[in-house]
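Same chain, two partners: chain A is paired with chain B first, then with chain C.
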Partner chain A sequence: MNYVLGNKKAIAVFLAPALLVYLAVMVIPVVWSFVYGFYQGNPILGFEFTGFDNFTKLFTDDTTRTATVFTLQYAAVITIGQIILGYSFALLYVFVLRKSSTFVRTMVFFPVVLPTVAVSLLFARMFQVAPQVGPVNALLGLFGIAPIDWFDSGAHAFVVIVVMDLWRTMGFYAVLLYAGLIEVPEEIIESARLDGASGFRLVRHIVLPLSLPVLLSSIIFSLNSAFKVFDSILALNNGGPGTATTPLNLYMFQTSFIYSDYGYGSTLAMLITVLCLSVTLLIFRSSRRDLTKA
Partner chain B sequence: MSRSNRSRTLAALTAVCAVPMLVAACSGGSSGGASGGSTGGAPAAVDKAKEFSVLLTTENSQTPAMFKSLAAGACKAENDALPLKIDQTPSANMQQKIQLLAGQNALPVMFAAGTSLIAPGGDLDKAGQVLNIKDALTQLGVYDQVTPSAAGVVDKLYSGGFPTVPLQSNIEGLFYNKKILADHGIPVPTTVAELTAAADKLKAAGVTPFTASGKTGWTISRWIGALLFRSLGPNAMSDIKAGKAKLTDPQYVAAAQQLQDMGKAGYFSNGVTNIDYDTEFSQMLNGQAAMMYMGSWFLAQVNDPKLNKVGDAIAFAKFPGVNGGKGTIEETPANVGSPNAMSKPLFGPKVGAWLTCIVKNYGSASLKEQGSFSGLKVNTPVPNLPPLTTQVQDVITGTKTSVLWFEALFNQKATTDASNNAAPLLTGNMSAQDYMAKLQADLDSK
Partner chain C sequence: MTAIDHSRDVSTPRPRARNPETRRPSRTGPRTRRTLVKVLIGLILLIELYPLFWILTSSFKSQDEFLTQPLWSLPSALSWDNYVQAWTTGNLGRNTLNSIIVTLPSMAIILILGCAAAFALEVMIWRGRNNMLLFIIGGIMAPIQIILLPLFTIYFKAGLSDSYWPMIITYVGHGLPLTVFLMATYFRAVPRELFEALALDGGGPFRAFFNVGLPLVRSGVFTVALLLFFSIWNDLLIALTFNVTDDYSTIQVGLLHFNDEYGSVAYGPLFAAISITVFGTLAVYLSINQQVMKGLTAGSVKG
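On to the complex of A and B.
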């Protein structure tokens, strides 16, 4: 066994098939897409080399600007919400519910397995004001508040999108962070308690630092998913009204497949990739500094 | 990493980058556009098609039903020779599907596609994928089956080209509930001023004056076109296409502003952003709204007793005129329905036989079975038509000047933006100036 696994040629033979598939399915299409950024065209008519025109357009296109701003706002709000809610639930499971947390964990996780489109259609009905008033507006009516058209402006629609996506995904982060929290050694928590730490101080000074690796992984995972949001918004309101809630991913889809501009669509895809990569590297760098200090 | 390893890695990376560059540069369209243009409609000697494949939008329930009816009846022999096969895709995905199929040279015999794709100079036309229907029908000796009004609309829409089979022939105007108007003592409006006065009176009485669908934005943006044709004349939109005017000119922005003023005055259904196409129809057919701007395809629902709860209360009026405007009430917005293009490479004797059967029988069949009008002649008279259908038919027959619709000559991006931003314009969340500026920017872009 050691002879086989210590032999570089043997390792190459074992890895080659998977590596080939990875190259063909992941690496080559990514590079291909990057190359398309220097062209303009579509599958019907073919492609024409246009140099850096598409990249220049990134800075002059108003819709790209609004989509980027919306994507960043959405990512910030959703990530903060997912981490805070997920961590709060994880603390609840570990410190309050303990062994009886299974049922609550399952219930909170349940929306994660629901199809995204089904959840979007559900929330569209819940927040609607016409043709019938939805449950949310009916509830507001009980408190004497007039029905709100939640989809008539970007600001209102943003609230619906955030509530919907947080409800759908917080269970996942709760379970992920719970898995990190149960790794915190019980003896350390006991000795901290004996030293007088409890409640918020226990969490801030003991639990949080020890669960930092899983927390940072969750933040990276959450940010990357948020930057690539697509189907939930498409099914809810198609990025409307107008392009007020159109994220970069949806705009890329529309540019390529509806406006038949594959070149610029590929450029937008590169922009999303650069965003995800930059944020990931930033977090990795800052996390390395923290570990050094600890 | 040693120098030789580094250079080997660099060489591998360069190869990975170079291959896609070469492929992207060399990748062309299906037939490379070499046989571009849609001239020539003579069928090939042998059919390449194995079936009469048709690709339509999921929302189109009428055409598939009619084709199946023809396949079982008047066109049975043609169907036996070349079986009918219908595929449907949601309209939101159609553009993507068409591009994919065209890139693989796998377009079906008949397919729905955006106007801008199949128009002369459009991508599909340049790639040689679109059959010139007029030439094909002339070769088959059946071009006389196309009604003159439909031919006129197609000619105007496609600048002399003929890339669509005019299965439908529609006019647009104001459908209204005559009982609601009569109950409130409101005469049928013949001017826009009378229309807004009527809306005011209805709103004060707690009745929804107009219904539209925010989710299907063209039901709102068509109002802008109607107002423009009445105020600026029948060339209002063709002047935009020709570059003689811009949507940002004051007289064009004024029409969008007028629509927004009507929206802000509360003349449209509450929560219009949330309303979908079917709900808009049901609001009319349930007596929940007084008026609706719509095309004559609405008759299929009006004539369906399962959907129509107000019976013969639904009536049709031409869109009102504007006092002092260059257009008149007699200029009727008309269209030939969604485009139904045909594949030039797949056109053969059996496909020609199917097309001949369709153009000879579709007009009568659609009028008899669905009460809707076709751009193809009605060869078998249909007796006992509902009164509203007869009235609309008379308007179609009597139309001397037809005008197109707001987005008729737009490219795909402008069409999409006109629809997606119509609800924000109506509710005041987007200014009229910004709306028109956005569309003009789309028209000006490559």
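On to the complex of A and C.
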């Protein structure tokens, strides 16, 4: 048995190819990226050592500040939206539709698999004013509201971004949380019902505490992907007007490939990484503390 | 457990206190409740499906109809001109081919390397395998942005820039950690006795992998394959970063460029292009939707 499963040669054959690719494509570039932080330039024109300049620039650069604020704002709104909508759908699937929820589940989930670029272009057209008012402005027109140019200010564009990304992703969180909810033992809910708990109280005191673990991992997942938001905004309005709706990720991309500054681009990439890691650890630790208390 | 039993004991001897509570939902009446649910579902379907209906009808409209007809009007004729234009002048045909050329090999390489590595880390017995597994899984945490710039330099220096390789290599490296992790959890569920039996029969490690391990995690492989397919097919960041010439543009990049170049003049063809990508992906999804939901959420529940 050990002769077969402890065969060193076989282990090497199975593991080495994946390990080599992983080292070359992930591990070495991550370290390399850190080194880039101390340089300015790009591989075509060459690099110049600038010490900690990129890191101090991080704190003085106005665009970085607005991009960070926008990213945090976006992440907060999107995560709250995704979790509330996702949880409401999950409750609807489990407690109202029950066995017949498959069809609705499929319908709410499908935008998740659609290409983000296509969805963004579609929403840009749905909210447009010219050449023809889009469905959204037409709908507002029914209530007597004059057509709004949704891409003329950061605040307006933010609304479109949030609506679009919630439409696109809520089905994902609904299925994720649904998977957690059906794990809640039927007997517990039944006995709570017999005790007279129903509706909101049943959810608040019984279902919510029991689905806390999956809720927590959904929040972590949601925040992590929100910090990395890129393609939906790039394709919708390219972070405009100006840099009003530019998230860190898009700014990093523009710095690197439009302004060809790999050094500062790497520093921004590091900022995104630190943001993701620290939020994940923070939620992890606070959840641990709560569990020991309970 | 004791708390539950206790509450059950208490609730049975006092039916009067329980009655008004359990009756409360029925005050609205089962019929109004059912109507409410129906209205809610109708609203959900409208929100989900109207955008699709709108792309489809718009994709058949002529330029004239966009400018002169009201928004709600349906196209006057079922003309495929927009689609032909999107597919040829818009280069969507070429882009689709590129997406296939990039996605399928990437998926295949990730699955082969990932399954083998997961087998070595989960089933094979050796010292340090747990640390190695953690080391590889750690890659799930690294955001893709951080590896792009060094990789761009490497590909440029290696003279690979002008090919499909930068995309394929990057997708493979980035997709591996999650694949190894998920496949390891699937291999964990395979009973050890099967491998022992094979060893007693004189089978070697390679037979253990190909004849016992892989067939038993088949559904896991399929689930992971779907996860990989949608994440690579719909990716924009990597495809855009390594897109040095239009010859290698994937669908997502092509669609973005098409919008920049023609989006503000050729409304019909743009809608046709959106429609092709959306309904194409939708067709793949609807043919296997239960598996897709399972696959795409597996990555985050387990990760």
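Convention: the second predicted complex is superposed on the first by the 274 of 294 C-alpha atoms of A that agree within 3 Å, B and C clash if a C-alpha of one lies under 4 Å from a C-alpha of the other, contacts with A are read in each partner's own complex, and residues count from 1 in each chain.
We take it that contacts are C-beta pairs under 8 Å (C-beta built on N, C-alpha and C of every residue); 3 or more make two chains touch, one makes a residue touch a chain.
Nothing here was measured: the structure is a model prediction, and the numbers come from that model.
Asker: When the two structures are overlaid on chain A, which partner does A:131 contact: first (chain B), second (chain C), both, or neither?
Answerer: After superposing on A, A:131 lies in contact with both chain B and chain C.
Asker: So, does A:172 touch the first partner chain B, the second partner chain C, both, or neither?
Answerer: second
Asker: Based on the superposed arrangement, let me know which partner A:214 touches: chain B (first), chain C (second), both, or neither?
Answerer: After superposing on A, A:214 lies in contact with chain C but is clear of chain B.
Asker: Classify the contacts of A:276 with the two partner chains as first (chain B alone), second (chain C alone), both, or neither.
Answerer: second
Asker: Is A:100 touching the first partner chain B, the second partner chain C, both, or neither of them?
Answerer: The answer is neither, since A:100 touches no partner chain.
Asker: Look at the residues of chain A and decide whether chain B or chain C touches more of them.
Answerer: After superposing on chain A, more of chain A is contacted by C.
Asker: Go through the superposed model and pick first if A:286 touches only chain B, second if only chain C, both, or neither.
Answerer: After superposing on A, A:286 lies clear of both chain B and chain C.
Asker: Between chain B (first) and chain C (second), which, if any, makes contact with A:243: first, second, both or neither?
Answerer: The first partner, chain B, only.
Asker: Check the residue A:88 against both partner chains and state whether it touches chain B (first), chain C (second), both, or neither.
Answerer: In the superposition, A:88 touches no partner, neither chain B nor chain C.
Asker: Considering only the touch criterion stated at the top, classify A:45 as touching first (chain B), second (chain C), both, or neither.
Answerer: Only chain B is touched by A:45; chain C is not.
Asker: Shared contact residues on chain A, chain B side and chain C side combined as an intersection?
Answerer: In chain A, residues 27-28, 32, 36, 43-44, 131, 257 are touched by chain B and also by chain C.
Asker: What does chain B use to touch chain A in their complex?
Answerer: 16-17, 19-21, 23-25, 27-30, 32-33, 95-96, 99-100, 102-104, 117, 123-124, 126-127, 129, 214, 269-275, 279, 282-283, 412-413, 416-417, 420-421, 423-424, 427, 429-430, 446
Asker: Going by the contact rule set out above, which residues of chain A touch chain C in the complex?
Answerer: Answer in residue numbers: 1-8, 10-11, 13-15, 17-19, 21-22, 24-30, 32-33, 36, 43-44, 92, 96-97, 102, 104-119, 121-123, 125-126, 131-135, 138, 167, 172, 175-176, 179, 187-188, 191-199, 214, 217-218, 221, 227-228, 230-231, 234-235, 249, 252-253, 256-257, 262, 265-266, 268-270, 272-273, 276-277, 280.
Asker: Report the residues of chain A in contact with chain B in the complex, numbered from low to high.
Answerer: For this pair, the touching residues of chain A are 23, 27-28, 31-32, 35-36, 39-40, 42-47, 49, 128-131, 147, 149, 151-154, 238, 240-244, 254, 257-260.
Asker: If you look only at chain C, which of its residues touch chain A in the complex?
Answerer: Within the complex, chain C contacts chain A at residues 4, 7-8, 10-12, 17-18, 21-22, 24-25, 37, 40-41, 44-45, 47-51, 54-55, 58, 66-67, 71-72, 113-114, 116-117, 119-121, 123-126, 132, 136, 139, 141-154, 156-157, 169-170, 172-174, 176-177, 180, 195-196, 198-200, 203-206, 208-209, 230, 233-237, 240-241, 251-252, 255-256, 259, 263, 267, 270-271, 274, 277-278, 281-282, 284-286, 289-290, 292-293, 296-297, 300-301, 303.
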